[in-house]
Every structure is written in C-alpha cells, then in structure tokens.
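Going by the order they are written in, the chains are A, B and C; count residues from 1 in each one.
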C-alpha cells in the first residue's frame, strides 16, 4: 500500500478522533519524524522546545510550547533529545511525576555508559514511569514509509500500564511492539541497533580462518609444487580451480560441524545418565549457532555448484578437452566408453545434485516465514532428518569423486594429504557416531534420558 | 536480539511490575521451562507440587507450595502434568472453581483419546474456565530462546475473558497467540503438533508413485531394450540420464495438475449454470493442495535444470562429443552449421530457461512472507497469469525438444511411446480447454456465473 | 493446521461463549462467507435481509430477520451490500444511530466515485460510527481457509472505540488488523485491492523499454550486419545469443541505477550544505523504487547466469568447438595453453560468480521475513556495503570479459559501440562518484550534514 499518499490524506484534521495527546520533547530529526507519523495516525502532538518559535520543519498540525507547558498537556512524554542533555530535565521532575516518559535514545557504541539511557532517565525523574521504546526505528524509515527493515519496536519498562499505553501507540503507527520485560532490559535494547549480526560473528570468523588455511594449503600443493617439480605455470588456478576446491571442502566441513554438537550432546547425556545437567558452555554456544553454520555451509555449497557448472566455459578446460581429442585423432584411434568411469562420473554428479537439492530445501525452511508456518515436529523432521540425508549425500558425493585419490601416491605431494581427504574427517566422524547412536541398544536409553529418566537420580550441580 | 542475555538481566527482581501471579501445577520439564520464561517476563510464579521440597532445577525466584495453597495464590493455573494424572485434580475442583485453568498437554498420537485433554479436564473441573494453550511450543525452544520454529500459540476456550488473559500472557512471553474459538477446537489443536505435513501427504505420495512408474518405464525402454537389441550396456543411465528424463516429465505433469482442477471447476460451473452448488469432494481437496503440487513440480523442475546444466561434465557426454569430433577429423571433413538445428536447439533452451524463470517467480510469491505483502488481485495475477505463462513455456520447451520424436519409428520401442509423449498429454489437455474457455462466447457466461448469476435459480441440493 | 475440519467442529453450538452478536446486512456471497466464519469463531450472527425466508446457503446457526429487527439485535452491523443500494439504508438511520456500521465494499475501478464508499455511507447515516474494514479479504479465501494471500485487514474510522471493536473481530477471525487512521483513509483502502503492483510499474516499464532498445540494437549489429557484410545467417542468435547479451547489460545498468540516486542525493546535500531541504520529486520517487529496480536487476542477472551455464549445450557452440578442434587436428598441431587467456577466462568467470552470489544474498535480505529479523544497521550494511561490493564485482566481471573489445576495430560495426561498452557507462559513473565521496575531505562534511549540521542555517523553502 502506498503509505505515503494515504498519510497525506489522513493528515487532514479529524476532530472526532479521540486519541490522547502526545508530547514530544525535542524538535530534532527523530522528534519531527515521530510527530509527523503520530499526527498521521490521529494523535494530537505537542512539542516541548526551548525556542517555541514555529519552524517550518515541524509538522503543521503540531503545537510548540515550552517544555513545562507541553508536558502538562499530555500523559505521555517522548524524550527525543540526546542523553548528554538529559540533565536539563531535572527541573521538570515535578511536572513529569506520574507521567509516562518514553526514552527513545540510542548510543554510538555498545555499552557506552555504565547504565542504560532509560535507567539514567529513571534516576533523574524518580516519579516518572519510564518506558524504553522506538530506538530501533530510523527517522528516515518513519518519514518515507519505507519500513522494509525491522518493524519491530522493543518496549520495556517497570510499569505495566505505562508500557501498555506505549505499545498501543506503537501498534497505531503500524509497527509491532515486542514486550521485553522490566527496565533492566533497556541496556540490551539500546545495544540491539548497534549490533552487526552478533550470532554470525563466530561462524563467519571460523569460515574465514578455515578458508584462508585451505587456500594456502591448495596454493602450496597445486600451484607451487607443480611449478617447482613439473615446471608448469598454473598460477591461474588461483582464480577458479582453487576456489572451487575450497568451497566444497568448506561446505562439507561446516555442514558436519552443524551436526557434531548434537552427537556430542547425546554422548554426554549417555555418559552422565541424565539430561538435567547443563552442557559445557562451549557446547551450548555451538548449538545456538548451528543455523548460522548451516547457512554459511549452504553458501559455500552454492558457490561450488555454480563454479562447477561454469567450468566447461573455462579456456583451460576447453584447451584440455581439445588436446585430449586431438591426441586421439592424431593417433588415429577412438577410445571405447569406459563404463566404470561413466558410472562413477554419473554417480558423483547425481549424488552432488541431490545433496545440494536437499541442502537448499533445508535452507528454505530456515527462512523465518517458512519456519513460522510449520509445527515443531515438522521443523525437526526437516532440520534433522533431511539435514542428515544432506550430509550423507554430500559425503557420498565427495567419496565417489575423490575415492580413487586415497590409494594414488600422486595425491600425497610433499607427503601431505589432498584436501579432499581432510574434508572427509569431520563428516565421517559425525556419521559413524550417529550410526552407532541409532542402534536400538544405544537409542533406547538415550530416548529414556531425554524423556526425563535418570540413571542416578541423586545428582547435584 | 540475543534473547538469552536479555533474559538473564531481566531475571533480577523488579518489584514495581504489576503482573498477576501465575500458578503452575507440575515441576516437570515443561513446567520448569514455562515458569522460567514467565519469571523473565515479570510474572510472579508459584509452583504447585506434591513434594514442596525446593529442587535446584526450579527457577530460583519461584515459590513451591502444595497444589491447594499454590492454586489459591493465583487466578491462572497452568496444568503441566500428563493427562493420565488429571484425576489427581478432582479433589481440587472446589478451589479451582472460577479460576482460569490452562491445559498445555499433548498426546503421543493423533486422536489418542475420544475427547481432547482439555475437554476431559473441563469435565473433571466443572467450575473452572478451561483454556487450551502452549501445546505447540517445545520446552527446549522456551529455554534456549531458539524459537525458530513456530512462535504461534493456538488458544481456545469457552470463556472469552479467560482466553484473553491467557493470550496476554502468551504475548508477554514474546509468542503469537491465535484464537481458535471454543474448547471444541482443542482436539484439533492437540493434533496439530503431531501432524507431519498433512497437506503434503497426497501430493508427495502421488509424486512418488508417478516417479516409480516412470523410472521402471525408462529402465525398460532405455536400458533393458538397448541391452537386449543393441548389446549396449547403458546401465549407468540409471544414475543420471533416467533421473534427468523423469524430472522434467514429473515437473510438467504436476504443473499441469495444478491448473487442471481450475478448468474442471469452470466446466462444472458452466454445465450447472450456477456457482452455488458445491464441487465434488475430490475436486475440493484437489484445489486445496494445488500449492503443494506446484511446489513439488518446481522441485522437479529445479532438479531437471541442475541435471541438464551438469550434463556437459559427464564422462559419457565428453566421450560421445569426442567420438563425434574424431570421426569427423578422421574422415577429413568439417560439417557445416545446420541452421535449423541451431534454431531448434537455441529455442528449446531459451523456452526452458524462461519457463523455469517464471516458475521460480511464482514459487517465490508463495512464500508466506511475500504473499502476505501482496493484495488479492496481485496474488491471483501471479498465481494464475504467470502460472499459465509458465505452463505454456514449459509445454513449448518440451514440444520443441521432443517434437521430432513423434514421427520417428525408433521412438516407439516395444510399441510404447517415449515418456516425452506421455508427459505432454495432461498439459496439452489443460491448455486446449483453457484456450476454449478464454473465447468470449464461453468466458462471458462463466464470468456472469462467477459473479452470482444463475441460469436456473430454482435449484436444490 | 487444517482450519477446515477445525471449523466444522467449532460450528457446534457453544452456549457459554460470550461474544457479542454481529448483524450482517445482505445475504450475498461475501455476507454469507463472513457470517460463516464468524459463527465458527463464536459470534452469534443475525442476517438482515429483504426476504426473511431461510435460504439453504445461509449458515444454519444464523438468524434471518428484517433489516430493522436484525439491526436492533446487535451493536455491530456489517453492510455486505453494494454501494448502489446504500440509499436503502436511509430509512434505518435512526435505528443505526450510535451503532458501529462496518463498510466492507469494494469498487470495480480506482477512484470510481468522488468520495469513498465508507464516507458516502457515513453521510447517509450521520449518527452511525462508520468503520471501513474487510475489503481486502476475498469470500473464497474466507470460506476455504486458503488465506495464502494477505491476511492483513486494513481498518479505518473516526471513532476509536468502534474501530477497536472491529479490530477485535478481525483478530478473532485469525486475520491481522492494521489501523490506518481516520475515515479519510477509506479511499486509499478501497483502492488498495484494485492495485496491481503500483510500486513496480515504473521499474517494469523502464526495463521493458531498455530491453526493447537493446534487442533491436543487437539485432542490427549481430544479425543484420553479419548477414549483409559477412553473408552469414545467424538469425538463430535471436533465440539465445541476443537474450544472453541483453540480460547482463540490463542487470548491470539497473543495478547501477539503484545506487545512482544515492550518490546524486549526496551531491545535492553537499551542494546545498543542508539535509533539511526536500529532494526534487523525481529523486524522491526514484529512491522509493530502488528495491524494485534491484530485484528486476537480480532477475536479469539470474537469467544471464542460467543462459551462460546452458550455453555449452547449444548446437552452435558444440559445432564451433568441434570445428576448432578439427582444424587443429587436420593441421596436425596442438596449440599450447595460453596462460594469459586462462587467467582472463578464469577471472571473469570467478568475478561473475562472486558478483552473482552477493547479488542473491542482497536479494534474500529484501524478503520481508528476513528484513524483519535484522536491525536497521544490519539492513543498511547488507543493502549498502554488500550492494556496492556486488556492483564492483559485476562491473569488474564485465570489464575483464569485454575489455579487449574496446581497442578492437571489429567491435565498432557501423561506427556504433558494442553494447558491452554502453552497459559500462552508468556503473562506472556511479563507482567513480562514490569513490570520490569516500575521500575523507568529502566524506566528513557530508557526514556532518547528515547528522543535522548546516552550512548556512538561514534557509527557507
């Protein structure tokens, strides 16, 4: 819906609307944008400002008064000024007593101050009901109606009624309020818009580190070794061949790392004989970033798929193909079809395609809108059953493709294994443990433990 | 937002919060997880338990009392015990009179008991206001904050006020309540988390059945026939060639089956001269699983696309290409470019790519978050207009690709038609009927009927 | 959840439910569907109709009375009759005084009447509290439960309480109410379901226009020129080669057009020395359709990717490859590997794949459900940082691929530049300006301006 034009229409005065008056302290960018939006939604708005001169930037239907006068006109006061000016509010403490005071401020960096801005405000105005809200919304998004980014407004405060009033306003502006509890949550809420993918940090650094390691490993074995011992300049492998060797390795390892904490947790539970003891912290954290690990693995798998599909277009591949055919032609013979080779080639391609297909399927179900529409059992079926199927297919794809390398001495340049072999260590470990865990004699006690049974009920933490 | 750390902070006592006390009967897994989450959201929690000994697993800020004492402290009692122990509650019926009693239980299989657990509870406690809720949420998800799977909480109950109280709690916990009506809906709600893609069952079984049929059909004609009559061992076709022959056939047939019920419905409406009579049951069910059929068709189409793009990498294809070139080289001649062939080859590739492109577009709009952001007219435009365009392009792709086979006797091995021809039956039927329906002399009465006009107003069912 | 069967169960009478009675005027399609759904959700429903004869299409649990009698039984009256019959309601104005009257009507075309239907109704019934709602929901979707398309119900009205009552009903039916303000928004709400992708119109027309231009440009230079001067019939280029030449050009130009308004806005702000003056209208509109431009660019890029990957399957490419190999074989020589060529070929492929990868990543984050789960900083990081990275990679891909053409005279057929060169104009311009803007001496004042600083504070619009 073209919110813009709708807003312009709704701007006209509608006297019959009975919304309560809202007061905004501060006529800066965000104060103006919020006031504008509120007037559009039918709220009478009063600005509290040091200079009560009417600026042409302030919405036309709003009044501008002194702070004290403005505050007296409304039950809700929105503080759209920066934290360093909060002390100006101290003289108003009496007027603001019992009123709902909304802190919308943000800081410039994480944990900039010892206490959150909202808590600081609550200390300055002991009688006011301070509510934290609106800090996750940008002025530009409010004005342009381009609320593509989060419509979620985190709200917290110690007074339930005050919070409810603010959440009603949030809803009236077309945004989604999310109650985050008491004012103690304000620090967290203020940190939220400053965060840059916090859950992704560890998985991304892990991936970058592993990628760098494998890049230099491949560079040494594929380019430098070849140059030294075979006098071939394959430096152009850096652009295509090596990335397409790293991507599948990374995808497989990261995918296996998604399922490794699950089998480790099962082993720990079996060993302890109870599920009522906390897992070690590293395992807890690992389990919480499985989704991110899986999605990065999917990204690598996608790159591998496109790189592989694009490889017939490479000048090098065309040259190699041509050379092979010409040498046959010059020798005046046609090689017969090697059926074993055809089987191997077709199998690993088919396994890879199917593995990638299920991988994408699992990835699609982790889209928030899809996972919101399935129940818990369906979600677990896709993420666990289809996920393991993906892992099995991808491991098989790698095994069929690189199986012949294991016995070939040429694969051990400088006595180092090819990275195909390295990539198989984690997935094979996970699959072997999982295979053991599926046996009835192991699965049965594990299921019992997970249903609450304890081998040794007298435990203490 | 890292809900975990936020929760830890908000756990500290905040006395000014005025949320009502909630009582939880049962200190099992789910009872504890729910209590924990509620304390984090600012609710005082009292546990009712047979042994009032404080376990170290119970949230620290919660009280543990006997059932009777705990129930007296709160207006809302959450029953976190299993159905088979519900009869323990009978002596408490008097204390629970007039209170909101929340049934959160789940069963182990669909329709395990004649009446739902919530209705059974309502019979045991005739004076209590029983509300069904929370059964779709898992304890693990509540504890870990990893609410990736559904945040939806289905709520039902006969007392509107009691339901509203429960829905407020659901919202405060950061979940989304969905009012499902009276307590009669409890059975449905209890069955919900036990379901495994109920709408997908028929489409998936249909696809599996058709896939198996086409697999053996292809196996007979492509592998066994070739082996018997041409002494060629093409068994490796099983891994790649046959899947890539089945996928497009399945995609085309399933896509046509998405649009077949629509044209059948139009024919029925035209024949009856009214839209006010119900369609036969099978047609109703078919129409409700069109989305699923379409998505499975898209999955097959995607597999076909990737299989086709990967085919130049196959050892068999490389060998065949090489053989062709070598035989030309040995005969010392270069074949000129066959322009007709180039036209056919380029056309069917371009038609296929465009068809797949529009197919993916239609698929993307069926993502819940996208379809929620378009209006009804836009949704129908994409699903109907673009859908038909997809069907036309894909049918044309198949016709251009396989057209030459129709007249070639070698395509009729064992007097059976090639599966390309089989795959064209349904889509061509749909397109021909649709083409007829678009004619003004047919379209006009149909539009009138759909707007409510009746040819023969006196009908009876 | 299979809403259907749940609904059938919940249809049974439940006397303890205390929902208020709802009256529906009109027993047409939508009136019946809405009544049905309301009864399922526990509302007693009374129909007001001219003929009080019970039709077998009306839900069995509903009463049918005369308009006047029905209206007296309920506080909420839903008007499910067409605007042209609204004057029948004038005699009922007295009975409807003070009641909530819900207008659910739609028109057949945009702005069909001078005032919205809801406002017209409010004029006819001056004492009634008119609320606009439900017009975006289709009768079929209500009946079948197939609410795949929008569950959003826009609600507007001048009376806040009346609006709240209607919004509660909307929620009880499992739909999402969105408060749009006063009744003045009704026109907008009535236009909404008649719109067909209004935000997409300009980007799509622009793309179609540019595509047509480039098609004829390529047709002239690649097919007609070749036919006239080289006597080669390359007419089949129309099917594959030309589309695959247009798609990347369109993708690159449209992607650059996404980032052009941003740099233009920066220049304007720098020139004016303030951010408090409105941008020209065309720039505002351009900025609001950047998402659509970007998604169309992504569609072209995807088509280019698939076309390119499919090219080895083309008969023409196979023939050309074969010809090249045969001529080498006949000349009895094998060309050595051209390392520079291998570098160029591998680089442009790798750059293109990476560019496409980041493009898809940016595209995924513009899915509503994903963008709702990131904060404003994360959204801007992806859309701006990753977007520019995409633009740089794609421009580099084009430069490496087509760089050699710049100096080759054969690229200037009829003294016209190849379209590769045309496609580079806009992206290179954007990147050069952006590069300048990133310099500290330009970036610092720009940042200050964007934070509210003004070079010349005395401005007036």
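Assume a contact is a pair of C-beta atoms (placed from the backbone, for glycine too) under 8 Å apart; a residue touches a chain by one contact, two chains touch by 3 or more.
As the structure is a computational prediction, the values presented were derived from the model and not from experiment.
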| item | value |
| --- | --- |
| Same or different residue numbers at the subunit B/subunit C copy interface, by half rule | different |
| Subunit A onto subunit B, rotation angle from CA fit, given as a multiple of 5 degrees | 120 |
| Distance between the centres, which are taken as Cα means, of subunit C and subunit B, whole angstrom | 24 |
| Junction residues of subunit A - those touching two or more other chains | 192, 309, 312, 325, 329, 367-370, 372 |
| Of all residues in subunit B, those that touch subunit C in their complex | 154, 156, 158-161, 178-185, 187-189, 192, 195, 198-199, 276, 287-288, 291, 305, 308-309, 311-312, 321, 324-325, 328-329, 332, 334-335, 337-339, 341-347, 349-350, 353-354, 356-357, 360-361, 366-381, 452, 460-461 |
| Interface residues, subunit C side, partner subunit B - complex | 1-2, 4-6, 9-10, 12, 14, 16-19, 28-29, 40-42, 56-57, 136-138, 141, 144, 146, 148-152, 171-172, 174, 192-197, 233, 235-237, 239-241, 243, 299, 302-303, 306-307, 309-310, 312-316, 318-319, 322-323, 325-327, 329-330, 367-370, 372 |
